[in-house]
Amino acid sequence: MKISNVMEILNEWAPESDALEWDNVGLLVGSEEDELTGILVALDVTAAIANEAKELGSNLIISHHPIIFNPLYSLRRDEYPASVIVQLIKNDLSLYTMHTNLDIAEGGVNETLAKRLNLKQIKPFSDAELGSLGRVGELQSEVRFDDFLKELKSALDVESLIYNGDTSQLIRKVALCSGAGGSFIKSAINMNADVFVSSDFKHSNWLEAGDRIALVNVGHFESEEVVLDSIIDKLGRRMDGVDISIRKAKSESKPYKLYNSVKNG
Amino acid sequence: MKISNVMEILNEWAPESDALEWDNVGLLVGSEEDELTGILVALDVTAAIANEAKELGSNLIISHHPIIFNPLYSLRRDEYPASVIVQLIKNDLSLYTMHTNLDIAEGGVNETLAKRLNLKQIKPFSDAELGSLGRVGELQSEVRFDDFLKELKSALDVESLIYNGDTSQLIRKVALCSGAGGSFIKSAINMNADVFVSSDFKHSNWLEAGDRIALVNVGHFESEEVVLDSIIDKLGRRMDGVDISIRKAKSESKPYKLYNSVKNG
Amino acid sequence: MKISNVMEILNEWAPESDALEWDNVGLLVGSEEDELTGILVALDVTAAIANEAKELGSNLIISHHPIIFNPLYSLRRDEYPASVIVQLIKNDLSLYTMHTNLDIAEGGVNETLAKRLNLKQIKPFSDAELGSLGRVGELQSEVRFDDFLKELKSALDVESLIYNGDTSQLIRKVALCSGAGGSFIKSAINMNADVFVSSDFKHSNWLEAGDRIALVNVGHFESEEVVLDSIIDKLGRRMDGVDISIRKAKSESKPYKLYNSVKNG
Amino acid sequence: MKISNVMEILNEWAPESDALEWDNVGLLVGSEEDELTGILVALDVTAAIANEAKELGSNLIISHHPIIFNPLYSLRRDEYPASVIVQLIKNDLSLYTMHTNLDIAEGGVNETLAKRLNLKQIKPFSDAELGSLGRVGELQSEVRFDDFLKELKSALDVESLIYNGDTSQLIRKVALCSGAGGSFIKSAINMNADVFVSSDFKHSNWLEAGDRIALVNVGHFESEEVVLDSIIDKLGRRMDGVDISIRKAKSESKPYKLYNSVKNG
Amino acid sequence: MKISNVMEILNEWAPESDALEWDNVGLLVGSEEDELTGILVALDVTAAIANEAKELGSNLIISHHPIIFNPLYSLRRDEYPASVIVQLIKNDLSLYTMHTNLDIAEGGVNETLAKRLNLKQIKPFSDAELGSLGRVGELQSEVRFDDFLKELKSALDVESLIYNGDTSQLIRKVALCSGAGGSFIKSAINMNADVFVSSDFKHSNWLEAGDRIALVNVGHFESEEVVLDSIIDKLGRRMDGVDISIRKAKSESKPYKLYNSVKNG
Amino acid sequence: MKISNVMEILNEWAPESDALEWDNVGLLVGSEEDELTGILVALDVTAAIANEAKELGSNLIISHHPIIFNPLYSLRRDEYPASVIVQLIKNDLSLYTMHTNLDIAEGGVNETLAKRLNLKQIKPFSDAELGSLGRVGELQSEVRFDDFLKELKSALDVESLIYNGDTSQLIRKVALCSGAGGSFIKSAINMNADVFVSSDFKHSNWLEAGDRIALVNVGHFESEEVVLDSIIDKLGRRMDGVDISIRKAKSESKPYKLYNSVKNG
């Protein structure tokens, strides 16, 4: 089985041509002609991930974030991200990336996240310009905002959340966008969502929300990590009977830690 | 005393023409011809701040962030930020904004922050393209990273910090940038800083830093709030003898809250 | 009845989405949620118009020209057009603007003008790029150009006209464009019009016309003022039975005067 | 004497490199190597002007306005302005154009106009962005606006003027800009001019002026025609002793006529 | 018969609207209203071609390359290409140009070239972005590359060819693009062509081809000259019975010569 | 000795910052921290060159042309130029490129070429916009063009040349531009050069030259290959005493061959 065969399966699910115009997806490093020896799935490609793949003897890494975002004018080993790309090349590893095409896809990042939150009547954002990146849905029944936070924390296994708004308010309609969704706040308000779950909110996003919508900032990592199982599941079913290791990376975790008053005070 | 007189004092300190090209500073609402009745100083202008100014009888608000960032095609009361501007207009309040010009200024946001962190040999970033927004300096002596975090938390009176890197590493050279400084990580690395203190880091920023520099994400609000006293101090000394109230806003705070396992579990 | 109800009526007639890309139409000031107290119709919003609306107790002004053309970076009371917008806001007046969407609309500015000139077989300009702003039609019978000028002057009640071309030539096919139509001269020539009626011609427009087409420059104001009755008429019929004052502004007139040899010499 | 010799004289006075970036000046048609047979000076090049030059046996036309403004993709005899260029070429006529470089030049269009109005302390507009196109100066003493209009009409020998503002107000500081000066209204206000004299004002210009400055719209032609004598004078002095005809065009006049109530009613 | 009648015939064959966006085609000089006196067909319009047309008494030149590519800001007789345009104008010659629209047209440049090379199953390039400029087809049977070169040289009557690749390799699938086709090398590789025939290859084109495809650089002139007969043929059939001379230019040839060791050493 | 030490020497000679804005120079692959094991100098980096360096045990290639011109969105081994970059990375080879900075440099490409042609009074092109890429100089004495061609062929050891113009004309002033110089023809004419020597002329270049200047198209490769000795010479003198191999690539040659009538007919 060749790497190109895996690419066909994934491209059928989340076509590369569905990616937003500014995005960079597909086979970013390696060669589609290489014989497949194993698959490692991760959100990002780092030195640790490349190492893990090498040690596993898996020569295909599937990532969510494109390691090349600004196109490269040089490949200097002492510069990031060239350093990681050099490591991939020297170890004959290929890298296949599904980014906004996976955000959008049926069963992709946003839909997986919406299901993890137990939303019903899940629909894409009705915002033609920005594609159907986000999802909006309804909880089974109205809940207090603090109960919602508690369940969200547990559902995503998150250490902490950041939010604004009155914790006693009642929540039913939930909008969400995996990854950095600050530019969708206005859309979420226009859809009359009670709360918008996303990540990487900037200062101005919190002000824009004000008291017009509750925001919950789960981590960027946590909002997307849920999709790794979906990828593995999809490949497992499509490659049933093929003797190839398909694994979720172990050397990946949230890229920062919380230092707070209770634990450290 | 007119509002224009206050503008002259501030413009001398942090000239409007020093603001970066994309920025929007100066008198954004009101009239410089109005007789000054009092000054309220805040990072942002919100409905609560406008209310506080009105109740204080202070007709000049000095803010750090420009309430008009994308220029306005309409002034509809049911849209943000027009809603706040309408409130200012209806209450005859003027708004004067110092943003990147204050970041850059001597004694401005970044310098105040650097002093609060007890840095010595404070210098601007040597990054011509982006202006001298950030500052770099040295601690009196090398300290462990976790000791640095502890002191930082206390110096800025922050509830929690987010960071990456080994807490046992030794820190001496500190780069910092008030507000959202993610685009300066490369500069901080190039200056061989041990740690970069800023806010609003995105997922890709943490990856870019990797193990090449320690990052500390203090809140956007907390990294800039320190400058309010500098503004009040500057005006107080220049308006000595003038019977005008100059106050820091009470109705302003970090625009989000932390929901975490210890307190809420 | 709310302001939004009037907006629905007008938007059905001349949809906001029909406006050219560079245009700025719709509710530019105020709130669609306000209860309607009366309607004042004018080509432009000036301090005098705002005053007239206030005195009439009419809280909705409908204008043809957008008061915000270049989007606003500030709302300073001592600058134009912010000064007028501030006046609207302080008096709780809303402003709804129909500009190129009304030029284009059936029964809109150009069609009203064409009918006032008694044209037959009225058709839009066949100029796809620029929308169907202008109209072309035929006089009942061929007339001398000076007779046409005489009738035009009387039909629009204009103090004076500016024109080029031989007054003894015969005219039948008439192209017209309300407002500033200098960029349509080539289109008018290509349609074999005998005369092109519009306003705000620049020096280069007269040269471009040369002896290839007769131009008549009626005033910008006079070419568009005819539509105010159409608006009032449209609203009157759609709001039949609603007890709301709908009036044409009295404090509006051509914004300049002629100083010439006969009267003043 | 060659055409290039005349070009040198003119280029020394109003250097081609002084023209604004969007402008098109210099030798636009013909050849600088041709032997000079005579000079005809005009604001514009039209079929009539080309004919006059041909009949005079003068092979150099000096114009103010560039006949090629939008660069040409074709030279079709049935299109304007190609038709005039073809006429020039077929009759071996050269065309030299001085436009914004002449507006700006010492002794150029604006300065000539300012002197014709008897202004004192004549200075360029202090508007760095737009070059020193306009001029501002003071009348010997304060006069009523209607007296100013009367004198202006007589000084420029204009059939009629268009203006706004109260005719009884007192005028002293006069700003002016030959040609179409609508974009300088704000500058004129900022310089505290009492009146701004220019041409080709659009509807929005009159509104922008409002009651903040008096505007006078002399014709585009009349505001610039005064410079033709300056050109002839300059060449006459520099070509003293050379037996070459240098004449102002006779076949040129204001490109439109006034049709008004008194004369035609 | 008017020039416009010839334009109609040609426009039906190779519509002007089919030309690529950056191209400049159609009647570039003259007038469509002129009575046709004869047709001269050439790839380029030069002084020699204009002269030939004049001497033949043929007032319409049909060219492949547009003489105006960068639009003209002046028509100076001492500058190229204005010098040629002036010559056309002075001799009342019209110029009609078919460029990329003729490259693309059925029976146009590329198809004529493909037939001259005896290709079978001729198809346009499957490269949507760049239009169907090139063609790809198959030789009747596989041939050695050096035999292909020999036949190509003879078929196009070329003095010399430039090529890369092993002359003993076998060739069957041939891609070609008349004129400068360097930007299509990647497309030719993607279509698995064995050889790509075009002209004006730059240094980087040869490197890009490397050993992945054989390139043959026939001259630009020679790759396109074949179409002149197609034009004459097309007009001859459509103007059958009309007594008008339609001729291929005699004063046109490859614009450079080869100086090499054998002939000149 | 590190690769960075060689970079310092070269950067002093032909500073990277002198390269034109669109260019891509400097260390394009590898790491400046690597210990230098040998230097291979070539115009281009190809698979063969990378192989030669590897076999020589030389880990630094110095090239003239940047292998990355359009920045890279992926590093796929089956695509050019990524295939070559991958080969460099896998063999721990570094690549340093001097392109337009070397064209411009004193003793760089153009100056070396001018000296090889025995020009005197060598000066840069006086064309501010495009940098001083080309050179102009004078032959010791006037020679016939065919004698000049003969000498040029011999001086550059070229198999053949392409030229236009009358071979009996006399030549003295020679303009030249290494590499593709078609855009400098106008400059060469304006400097009154008799002949312009460059490469990669396109069809339109030959027409532009017409009979106004003689062109000689030496190969792109041959016009630049002369600089390799200059680089080796410069490094040899600056690294005198250092035991490092500095060699000109053997596996590089003109990337195409001539197939012509005499040899192959």
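Letters A, B, C, D, E and F mark the chains in the order given here, with residues in each chain numbered from 1 onward.
Quick note on the criterion: contacts are C-beta pairs under 8 Å (C-beta built on N, C-alpha and C of every residue); 3 or more make two chains touch, one makes a residue touch a chain.
Bear in mind the structure is a predicted one, so any value in this text is a computation, not a measurement.
Path length between chain C and chain F in the chain contact graph, taken as the least number of steps between touching chains: 3. Between the contact lists of chain A and chain B, the overlap is empty. Of all residue numbers that take part in the contact between chain C and chain D, over half occur on both sides, making this a same-residue interface. The pair C-D is the one among D-E, C-D or A-F whose contacts match those of A-B for more than half of the residue pairs.
The distance from the centre of chain D to the centre of chain F, with each centre set as the mean of the Cα atoms, comes to 52 Å. The distance from the centre of chain B to the centre of chain C, each centre being the mean of the chain's C-alpha atoms, comes to 47 Å.
Averaging C-alpha coordinates per chain places the centre of chain E 31 Å away from that of chain F.
In chain C, no residue reaches two or more other chains under the touch definition. A ring topology is adopted by the chain contact network, closed into one cycle in which each chain touches exactly two others.
Contact residues of chain D toward chain C in the complex are 44, 46-47, 65, 69, 80, 146, 149-150, 153, 159-164, 179-180, 199-204, 206-208, 210, 212, 215, 217, 220-221, 255-264.
Remark: chain E residues 24, 26-33, 68, 70-78, 85-86, 89-90 touch chain D in the complex.
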